[in-house]
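Encoded as structure tokens, here's the structure I'll be asking about.
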Amino acid sequence: MPVKTVFKTSIEHISILDENGKFDEKLGKGLIPDKDLVKLYEHMVTCRHFDEVAFKLQRSGRMGTYPENRGQEATSLGAAYALRKTDWLVPCYRENAGLYWHGLPMEFVLLHWMGDERGNQIPDDVKMTPLAIPIGTQMLHATGLAWAAKYRGEDTIACTFFGDGASSEGDFHEAANFAANLDIPVIFFCQNNGWAISVPTKTQCSAPTLAQRGIAFGMDCIQIDGNDIFAVVKVVREAAERARKHKRPTFIEALTYRLGDHTTADDSRRYRDEAEVEVWIQRDPMIRLRKYMTDRKLWDDQKQKVAEENAKREVSATVKRAEEIADPEIKGFFDAMYAELPEELKRQRDTMRTSSIGQDPNQIESPLHAH
Amino acid sequence: MANLTLVQAINLALIQEMEDDDRVILLGQDIGINGGVFRVTEGLFQRFGADRVVDTPLAESGIIGTSIGLAMAGLRPVPEIQFEGFLGPAYDQLCSHAARMRVRTRGAFTVPLTLRVPCGGGIHAPELHSDSPEAIYAHQPGLKVVMPASPYDAKGLLISAIRDPDPVIFFEPKRIYRAFREEVPEDEYTIPLGKARIVTEGEEITMISWGASVIECMNAIEASGRSIELVDLRTIYPIDTETIVNSVKKTGRAVIVHEAPKTGGLGAEIASRIMEHCFLYLEAPIQRVAGFDTIMPYYKLEHEYLPDATRIGKAIEEITAY
Amino acid sequence: MPVKTVFKTSIEHISILDENGKFDEKLGKGLIPDKDLVKLYEHMVTCRHFDEVAFKLQRSGRMGTYPENRGQEATSLGAAYALRKTDWLVPCYRENAGLYWHGLPMEFVLLHWMGDERGNQIPDDVKMTPLAIPIGTQMLHATGLAWAAKYRGEDTIACTFFGDGASSEGDFHEAANFAANLDIPVIFFCQNNGWAISVPTKTQCSAPTLAQRGIAFGMDCIQIDGNDIFAVVKVVREAAERARKHKRPTFIEALTYRLGDHTTADDSRRYRDEAEVEVWIQRDPMIRLRKYMTDRKLWDDQKQKVAEENAKREVSATVKRAEEIADPEIKGFFDAMYAELPEELKRQRDTMRTSSIGQDPNQIESPLHAH
Amino acid sequence: MANLTLVQAINLALIQEMEDDDRVILLGQDIGINGGVFRVTEGLFQRFGADRVVDTPLAESGIIGTSIGLAMAGLRPVPEIQFEGFLGPAYDQLCSHAARMRVRTRGAFTVPLTLRVPCGGGIHAPELHSDSPEAIYAHQPGLKVVMPASPYDAKGLLISAIRDPDPVIFFEPKRIYRAFREEVPEDEYTIPLGKARIVTEGEEITMISWGASVIECMNAIEASGRSIELVDLRTIYPIDTETIVNSVKKTGRAVIVHEAPKTGGLGAEIASRIMEHCFLYLEAPIQRVAGFDTIMPYYKLEHEYLPDATRIGKAIEEITAY
């Protein structure tokens, strides 16, 4: 046949709890038990407060550059909720909510942005990799981690988070391609928040959806309302099942929005309309969830007040822990370089305060003994 | 004459070159409406439009690889990579392609691109925002590598770089982007690539540095009270061996200061060249005051890493005591 | 709506002259005038012979490693025929037929594989870039070249060729993404010949088609029978039109096969079945074209004989030109390094035969004058 | 004991480490059924199966990036990059990730991968198949870099590399893959990383080299008839300064030989270290006999580029005449 169709596909968009609080019973029923829902919402309250406090820490000079998470809580949190504690989360830097849920002590994130590597010294029992500063590079590590699990016959999987911007990097393509072709159980979770710093999503991907990135690899792809935690939980569960059972990766595009600036070093008024922000404020994942819970009598103002008070207590204790940690060992950046330090590094470490390191101290001390 | 910061001097050079030559186009991440994360391209998008100041997808290899194509077609692209730590993904296009195109086609194609990259530590930034990879690119034949240490030099060197028919990496020491101002002529002027600058003349020691470290050297020299000849390399490759050698022949002692890790840093090359050219003039072994052979630590400790006036001062003491 | 389809697409496969010589009049009529068809076939005869001779040159030690083109002639040739002389061809290394058609003197390719950069010293009026040895890197250059043309307001476009293997490289993704999002007039022509050295296409792309790679970027994508020069000409013309008029890129997957080893350094019997090769020998682009032309009385054995004789003459003249070229300037690899040679390089060049370059010759000659 | 080529010695080391430790898995292009383009992994796919000898997609960053993940999860991946010229696309994952993971997580994650890469010129290959990028990676803290010059060393060093808890780049000088054979013990043995080997003892000059150039040095030394101490570095990083310095203290003269371009090559670092450690012992400036500061030419001229016994011989003359 001279013209034949050899491939056909489509991308579905899923939304369960929409921005007006309207809930689709058919898709959403039984997805998240009420008890858990309340916990997830309370967790969001804490994370939102954490975010505000972190912002203020930066503004008052107590912390370095910080990327606000505000507005994107539902994505990583829904994913972490849908996954197992033994699964790997491989984050970028806007996934605090999911990471805390997964077990990361909150002060780690503060320490990290305070310029302290101990914020990356992830406890053994928390299955996550450190925050990723270089964009688009961590997805390959996720693929490797999941591959290792498969190699060992475990049913552990990995879920990696990244932005719309990150999906332009070659490393994303390679990670997805390895996963698809070598049957590696990894979920590619793209948080399309409309912007990569000042660059709008259409410069990263002029196609109608980002979800279709995954078609290139023959992967299951789906687009969801990323501010709808129900949709997140649903598709991550399905993706996890696909990964665990069939060792097949999935590409998820979650439509969301960062309500704050890119980081505290950014001023988003330079490049985006206030009106756009206004629209998205209405789509805040927390507003609709609170409304839904309130409608269902799971929540009320009193509970909100308690949640906020708890959040304050927890966050201020977290800040305290981060700020009270002893100064890092000055030699720490030497000692962790290798399992065993080469001689030259030992010498540099041991003389870092006493010599210029420009010279072998022995030679300096006794140059004339030489000849 | 205007009193400009380094950022402003670069901005001015870009404007003037773009006015003069419509083959000059800028591309990179956030360089458009946002004016660059350091505001180096502030106002250029508004002035020259979206065709000449292009926000690209977030992909460094893509930025350099397409710049190579643009340059092969005769344009003069000036790509920006947002931080030196993100040069990594572009390494292959820079070193395997931009650097080799002229020689592998025996001149049929050339790649007159000028890559602008902020570099170096000291601004309390997150990881991979504080490195000094200049030695990597100096070891790659086919590239030129430039790093100004002052607003005046920044303008003149950048104009030379853009006009140069070969690929140039123009490192911008971000620590001194706004650290001080300097008189910078309004008119266009060039500073030749490959020529060092003698910042202060001196008799006892030759001190060689580049980028933000030059300022540390000046402080250390002042504190030492000694007569030290400070050479600002300006161009990392090709190295101005002549200026260095002439100075060392006079002083007999050399101290090299750079932020990059000591092992395999450019200090090694300079020390070796000095030895090759004026071995018998040397009164003491050449000192390299450099970053440690470690990863630049996160910012709580970055001041421990960066060679500062204190460490340079120690080197001055040590080398004069020798 | 909780579930809605946000994107739909399909990939078509086009074939006009099939492997049995059956011709689809509807699609194929008027596509290539008879006169041109004869020329194209004659060109293939020459290129096929060139390929055999190049292989022998390698085997007899008169040339280095060489990648046989055999079986893939229709792709690049059809593309070059469909494009203008002013368009850029950005090849990999299996596109001799297209490059010669485009104007490259044949001996350039021999010189290249003889280890001589003059084989890359493309004449000014031949719009092509040199053969690309590092896989998957040239597509970015194509995108840049086409971008420059668009910037200048010219209607020149670029067509870049690469293999199934190359489509796994991150640089491919970035090139396609730049082209799609910045509206750059470039054609991505993927020659899926089933293998990347010993690695089968399914390891590069487990999706049903490679054509769907382009969906990731919202690009027009199509799959064709790459051994059918009519299909090639048709889709490249359409893609060129799309590029010229609308500045939109296209992804073309051409199904073809390399009948020889990967290069003369390879032994394909190690990894692929003779039976597979047998099947593809029947699909040779030249067999079907000759049959078609013979059926249409455009060709006969006598013409074949003449074409083969001409090919021999032309190729042996080409070999002569390549082998008789004067030895390259020894200093050539210095002099072409920069427009103006740095001092140190001049010194190295001028003393390369007289000193070790370990030292400044002046210092060696008169060390004792020094102090 | 068997009489093996370098290729065979590596193959044997891989087999033995894979037998001993099922955390060791191989990945790369054409390493499976094809046994690698240099046949280094010949027979391993058949022996260990497709799970442990994995043909990957054609994507170098992917190979290293997934290896990092595999290693972070506790495996011992041994990726292969087909030629050193294709390390470029993997540069970022190697230098920004593999090298930094331990220190940036203060040991919470480590990356015990061993990257095998053929390197160097002299086999009449096409472009980007003949480079010597070892200095680039020696300048990157966090990596170890190894290059054997003999079958015996290849086996012992590779086993050490695979067992090393940190990322190691294992460069295989392709020119001597099959150039000669050597007795190689059947049993597993290790050669410590970071320790050089004294190939021949001597009194007049210390000659330092690594990889295929060691053979050129041996030829040059023989031709010179002089008493020259030849040090084969074996490990490029960490450099065995002690062995070098002790030798130069004895001889007072040093010649360093490498294929990579001279400027910024490892020779510069070694020369600088010698000066830093035993300046007053030096009777003559240290010689660097290296590749020129050009792109390695296509193969018609590659013999003009590679430092050979003739050029090394000149350096011997020059340094003794000094």
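First chain written, first letter: the chains are A, B, C and D, and each begins at residue 1.
Keep in mind that, in the parts below, contacts are C-beta pairs under 8 Å (C-beta built on N, C-alpha and C of every residue); 3 or more make two chains touch, one makes a residue touch a chain.
Quick caveat: nothing in here was measured; it's all calculated off a predicted structure.
Comparing the centres of all chains, each the average of its CA atoms, the largest separation from chain D belongs to A.
Between chain A and chain D, the centres computed from C-alpha atoms are 38 Å apart. Spacing of chain A relative to chain B, judged by their CA centroids, is 34 angstrom.
Across the assembly, chain D contributes residues 56-57, 59, 61-62, 85, 88-89, 92-93, 96, 103-104, 127-128, 141-142, 237, 239, 263, 276, 279, 284-285, 288, 292-295, 298 that each touch 2 or more other chains. Residues of chain C in contact with two or more other chains: 117, 134, 168-171, 174, 177, 181-182, 203-204, 332-333, 337, 344-345, 358-359, 363, 367.
If you draw each protein chain as a dot and join the dots that touch, every dot ends up joined to every other dot. Chain C contributes residues 1-16, 24, 26-27, 168-174, 177, 180-182, 202-209, 211-218, 223 to its touches with chain A in the complex.
On the chain C side of its complex with chain B, the touching residues are 117-118, 120-124, 129-130, 134, 137, 140-149, 151, 158, 170-171, 174-175, 177-178, 181-182, 332-333, 336-339, 342-345, 358-360, 362-363, 367-368, 370-371. Touching chain D in their complex are the following residues of chain B: 61, 85, 88-89, 91-93, 95-96, 99-100, 103-104, 127-128, 135-136, 138-139, 141-142, 237, 239, 260-261, 263-269, 271-272, 275-276, 279, 282, 284-286, 288, 292-295, 298. Residue ranges on chain D touching chain C, taken from their complex, read 29-30, 32-35, 37, 55-62, 85-86, 88-89, 124-129, 255, 262-263, 284-285, 287-290, 292-295, 297-302, 304-305, 311-312, 314-315, 318-319, 321-322.
Residues 25, 51, 54, 56-57, 59, 61-62, 64-75, 77, 89, 92-93, 96-97, 102-110, 141-142, 144, 164-166, 194, 237-239, 241-242, 276-281 of chain D touch chain A in their complex.
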